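The two complexes that follow have chain A in common; it is paired with chain B in the first and with chain C in the second.
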Partner chain A sequence: MAATAAAAVLSSGRFYALIGFEIHVKLATHSKMFSSSSSAPAQTTNSQVTPFDMALPGSLPYFNRTCLEAGIRAALGLNCQLNKISHFERKHYFYPDSPAGYQITQQRYPFASNGVFHYPLLIKKDKLKSSTKYKFVDNQNSFVIKQCRIERIQLEHDTGRSIHDDHQNRTLIDLNRFGTGLIEIVTKPDIQSSLEGESFLRELNRLLIKYNICEQSGLETAVRVDANVSLHRMNTKPDGNRIEIKNLGSFIDVRQAIDFEIKRQEQLLTNNYSIKNETRTYDTNKYQTIHLRRKEDQIDYRFMIEPNLPPLYLYDDNDKHIYGKNFVNIDDIKRNIPISPLDERKQYLDKYKDFLTAEHLHELLRLDMIDYFRDVMTHLDNNHLRHIALEVLLSDVKSISYDGRKIRKFAQAVSPILFADIIKHLEKRIITRFSLYTLLTLCNKSRDSTRSLKSFLDEHNMYAINDENELEKICLKILEENPKQIDRYKTNPKKALEQLHTSVCKKYHGRIHDDLVNDVFKRLLDKRIK
Partner chain B sequence: MLSNKTTSSAVRSAINALQHYKVLNTLTNDCFDKALETEQQISIEKKNNSPLYGRPILIKDNFCLRDTLTTCASKMLANFRAPYTSTIVQRLIDHGCIIVGKTNMDEFAMGVASWGAFGPVANPWSLTKTTMTNVENNKTVLHVAGGSSGGSAAAVAANFVSIALGSDTGGSIRNPAARCGCYGFKPSYGLLSRLGMVALVNSFDSPGFFARNIDDLIFATNAVAGPDDEDATLLSKPFENFKTSNELSKEKKKIIIGLPDDYDVNTLSSEYRLCWQDLVHRLTETGEYTFKRVQLPYTPYSNAAYTILSSCEIASNMARYDGIKYGYHTKNIDKNKDTYEDILKKTRDESLGERVRGRILAGNYYLLEENYDKYFVQSQRVRRGVMNDYKKVFEEDKIDCLLAPVVSNDPITLAEYEQADDIFSEDDIFTVGANLAGLPALSFPVRLSSKGFPIGLQLIGPFLKDQELLSTAYRICSTYQFPFLDLTKQI
Partner chain C sequence: MSLFILFRRSFSILQQTKEKILSNPIKIDIDMQNKLEHLSLISFQDEKTIKKVEQTIHSSNIIHQANVDHLQPLYTLVETELCPLRQTDTISIEKTLQTKQVLENAANIYEEHLVAPMIGKRESQTVEKVDTTKL
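And now, the complex of A and B:
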């Protein structure tokens, strides 16, 4: 298993890894970065193409303001310095999905640089105990917060889409995607393991969605990651060489690719080979990285200032005397930006300090349940209910959602309102704690997310039996069916009650309150003895 | 305007002239039928009072016109029909201009002979040289018309049309205007939209007009100048129309004209230098002009900077021609062997001319990572030096405008041009400066040479002082009469 192999390499004390990311984020804007066509995804092939998008002779780019605003939000969220003057450049290479023969980007003069991003390290709860190995730990109850420095953020556009038709030996080009706005975030190699890498990317993903920089679903569609990995012997200085792994499309791929690389490079170093610059790609089927091109084959992109776009000037409150109404003011954007995910979580700790600990929050984060938790909390109006809700989330929901992997589906099927309703019913003892797993599973499986709780309870008869008389009848029946236990009660009352409890729960699955039924059995049995 | 007027239509006259003088090869393709139709239409529904209303015009074949061939005189675009119309052309159409055809040029606007894939434009003055015939085939010897907007210049100079649209990147309006004997105006960079004009060098390209009098230049420029929300390199403030000769105040202030020493080069022929000097003397005698010699020390380096910067942008702009989306695509494909790169190479090799390929090669060399600072960035510094030279002369020395040559000698014959090996012309030194600095410049015919070819000079003005430049030109040109050619009289 690559993960354990890599972990072994890193914890051996003989090596350390330097990992950096180049992250391409699709901006959530209505139109493209340099043309007016719509940037909506999944439209009819080649239906969103202006003259500029197909590089018609005589076409010109015109910069989209909302792309700049989204970029500035990203820069602010990543604590970057905003460069008040930046330039667009052309990056030249020939490829069918690049109609002009160049991409417009910001190579030498990006609009933002020198930032830092803090992110919580996501470890499974049981491993937290051994977290003394990691830096930045205050105590076991707080998050392990790490940081990664941001080298730069640049504005650029996406390419078209190539569809390889091996059947007819041809490649088809769809230019709908060409020209849609991107930012590329380049980090410094501060990441030291695949776990850190994944944690960083997940927190970045939260930020990008919260700040409305990219569309939902993060790493799956709106974000593409290239990872730079280099392994070094402990106490040696890095020589700048690194392996670039291109186009990782999911968190899992990123982790596996990094782990594979660490192990692969360890082999090379152990056998006295040095790491030379190389570009590799990740094979998702074989879980390995594969060579793509060497440093000597690296392409010279012949970067040149884009002559059709003037320099990009950014303004702030200090420049009020210069700028016009139409210009973008960094300070305006700063004032309107939402709270960061990190700060928001701090707020939760404070707001719900009666029952929420850092460890809880960390687990919610690891399970990707923070947003769901937040929404559920707003539908419950006292801390007692909220505490119950938290407990259910971290047990039943954690299990039903496969340790958070299917949480998105769960959140869609079981809306926060429905979940809150369930908790309220639980608190009122209309349903029992034991029925929750079944109930939540049923709701999760249901395709109709608008069904009321009542309809589920009715259909599957999941109401708790609260009527004493009815309960007595049931218990009497059970006693009749289990005469052995009546006798047993005389000698081993505890065991007998346990067995009776098991029997009644088997029969009335989930509808029995523990405390109630125990009292009834005791009463009946005591009566019998007398 | 009554539609049953029997006077010959202006469009019909233009068409007749163009067809009669096919030998000059001024057009790449024509819009004759559509033009006649349009003339009919707009004579009925008179929409506005523009001085251009109903005028037949020609546009250089590097401007896109919807559903019309826009070839840039290249095999690569020989079958390209633009799905949209350039802003400038649309504005002309909105003013009532009738487009009769697209004019011939150098391939992709590179060159000074207007000799692209469809053969050369011939200088209309060649046809007046009845004494010059080719001994072998008894045909009239033809001469170059200048370039790259030669077709437009020749057509206006010969009076086929009164106004034609061209483009000037390194002198491509001023050069053919001087060679053919008409006015050629390149406005300040940032006044006229380049949307729809096939880019050669984005930083230097400027649309501009040819005409037989300065007022027509003004009418045409007024019709098209001003912001376009699709061109980010334009000035954003609204355009104020230039005033024509009638509208200007009659008060004549004294004009100080600079004579750049650095343009007085060895290659300038004595005849052409004399023309320059004679004009200076004549104007001095009127008492309304003062002349000062001025220095533009960066001039000797301007050609090199222009060459490097233009090659870089050209290599970049030409990267889009791959035959996949539009344009020429090679038919010579080996389905079993050829990769994408192979097909790309063949397509471009087969359809782009030698001069174009040479510029692309040079540009790609200069843009290599290891060369960028040495060549591209250094050239930008020289460019700034050129700009500062002009600025200093205009601001510190209080010069209103400069008077300089445009070409150094009579045009050579087409046969001689074919033999020659030059990629760049020595005459570039006169014209590239205004492109590097984005300044307005106007070429005007002065007199005929001893061999009977027009000798032209140019005025170069400060940035955005186009109005003053046009007024000065008007004043200068009204002190003498140039014998404009009119080939239509002989039809």
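And now, the complex of A and C:
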């Protein structure tokens, strides 16, 4: 409902939205950013803490090179300018899960800035009917590509974990998470709808995982998003006021929160109220944003340069005469980063142009199936098989595993090798198209990716019946059981054949090929009529 | 003689500065009081304390008379150094404290958690709630 309302607001022509994100990404490193304790999640309480993490007197930060390299990969993936000199700063505030009384960050002097990120607009096909302005493909071979400017990327560390005990009026603190390395990605307000926001975040998620910047699960555990949303009357300039929505933890939350906020601000503007700076949070139970604090209550963080950390220097090939191997060379990292998701998709469209279109690829992206598709393609050696595999992925597999989480589970249960084997069997007519959904469901439910296809087919007797004599016997038996269809064939042959086909499929569990059984029925019925 | 003139001149500048400051007394209003209390975690209990703070700020304001236009701030004593990098991303068991060491100076602990008074949900954190009476 909020989505429809927000779409109506934006398509009315009276308002436009400006949306920007602040994204905190937990870096995939073994140890923390400024200390050498483990950054692994879900460990015994307060068992991964060094003196620095507790802010004990005399302890000093020692910056982890791996965090810097992960940050640089993110900056290169987001086409940012890398600042060769950057500074760490202290952001002061009192909270029990931050023992030092400040967080080390890079608010004013970040290591990367002024980037731009291109992402494909993803939309469900059926939504096109209600919002035709959202074209998602330009032509056969390309997506509609949007862009969002990146203001800065900064290195910082995470805080500890707080558990509020309302009954005992106390807060329980676990410092295991304190000091874990993060990067904060701050975008410009270039996003104009929740659809664009979700598309941007999905593509960013893909980049973060592909470049090994954060853990595999991405947005669900390793990424936190804050959205800044403001709605303005058409033909007016933005006044700088915006609503900050904190701690959005999933793509759905991001979309719903933005849609709710757009509708809420539209109501305020329509009633001649102005939008004032405010921080809100999203209630996932009530599907709405809730006030946290006003601009007047905004905290003064008293930023100052971190006196215990000298300036951070980055080098490139031009500085070879200055740096030693202990320092980070940006060009070395550039040479070793993988291809971007955008370029990878262009490659697929080029490589599989015989059967793959931008529409197909868009659907694979939307369903989070692109990696599974890539792995399956490598195990099939001709385009005919690959085309069949694509068709099965976008029909049967889509029905079984219709969202990102389910496709990951499907990919674990039905390995790309097993799936490729199924496609080869289908092509050789060892199994029928009709039995494919059942077979894939059985493989998915068994959760045993080491099992061979033969064991499934033997256990459930799913081999296709290809012998002509046996087929004829089966069809004769079906005709005896359905005498009405013989008479019906004289007046309405198409309907009669359909009914007979349904009967044989039900009785023989999809083990008979459509084309073969239809031919046999036609031959037998024509013979009878004559 | 010249030293005496220099001394008189310095004293006169100091006197002028003091007069300038005294003619612009500091007054802490209620918003500023709330802000200072929030930043320092100190409660200004009464008028007497606020007065003392005002006087302290008053006296400290002389620092603004220094001409620093031609100076850059010294943020760190090691600003000419390069930020040293921990080269390997390995976990150090030796440097990691045991849980009992983390908790040994805490006045209150609960199931290996440090215990702090309830302050309120911080806006940038997803905070979990638990009813420990049911544990």
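Definition applied: the second predicted complex is superposed on the first by the 502 of 530 C-alpha atoms of A that agree within 3 Å, B and C clash if a C-alpha of one lies under 4 Å from a C-alpha of the other, contacts with A are read in each partner's own complex, and residues count from 1 in each chain.
Criterion: a residue touches a chain if its C-beta (ideal position, glycine included) is under 8 Å from a C-beta of that chain, and two chains touch if they have at least 3 such contacts.
Just so it is clear, the model here is predicted, and its values are computed rather than measured.
Colleague: After superposition on the shared chain, which partner residues are touched by A:350: those of chain B (first), chain C (second), both, or neither?
Modeller: neither
Colleague: Tell me the contact category for A:169 with respect to chain B and chain C: first, second, both or neither.
Modeller: Once the two structures are laid over each other on A, A:169 reaches both partners.
Colleague: Is A:515 touching anything from chain B or chain C once the two structures are fitted on A? First, second, both or neither.
Modeller: After superposition on chain A, A:515 lies in contact with neither partner.
Colleague: Once the shared chain is lined up, is A:448 touching chain B (first), chain C (second), both, or neither of them?
Modeller: The answer is neither, since A:448 touches no partner chain.
Colleague: Which partner does A:100 contact after superposing on A: first (chain B), second (chain C), both, neither?
Modeller: First partner only, chain B.
Colleague: Just checking: does A:47 make contact with chain B only, chain C only, both, or neither of them? Give me first, second, both or neither.
Modeller: It touches chain C, and chain B stays clear.
Colleague: When the two structures are overlaid on chain A, which partner does A:31 contact: first (chain B), second (chain C), both, or neither?
Modeller: Touch partner of A:31: chain C, not chain B.
Colleague: In the superposed model, which partner reaches more residues of chain A, chain B or chain C?
Modeller: C
Colleague: Contact-wise, after the overlay, does A:292 reach chain B, chain C, both or neither (first, second, both, neither)?
Modeller: The second partner, chain C, only.
Colleague: Check whether A:309 is in contact with chain B, with chain C, with both or with neither, and answer first, second, both or neither.
Modeller: both
Colleague: Where on chain A do chain B and chain C both make contact?
Modeller: In chain A, positions 51, 54, 62-63, 92, 94-96, 169, 171, 173, 300, 302, 304, 307-310 sit in both the chain B and chain C interfaces.
Colleague: For a test of understanding, state which residues of chain A touch chain B in their complex under the given definition.
Modeller: Per the touch definition, chain A meets chain B at residues 51, 54-63, 90, 92, 94-96, 99-102, 169, 171, 173, 300-304, 307-310.
Colleague: With touch defined as at the start, can you tell me which chain A residues reach chain C in the complex?
Modeller: For chain A paired with chain C, touching residues are 29-31, 35-38, 44-51, 54, 62-66, 68, 87-88, 92, 94-97, 159, 161-175, 224, 226, 246-247, 249, 279, 281, 292-293, 299-300, 302, 304-313, 326-328.
Colleague: Inside the complex, what are the residues of chain C that reach chain A?
Modeller: Residue positions touching the partner: 35, 38-39, 41, 75-92, 95-99, 102-103, 108, 110-119, 121-133.
Colleague: Which residues of chain B touch chain A once you look at their complex with the stated criterion?
Modeller: 62-64, 70, 72, 77, 80, 82-84, 86, 194-199, 201-203, 229-233, 312-313, 315-316, 318-320, 322, 324-326, 335, 340-341, 344, 364, 367-369, 372, 376
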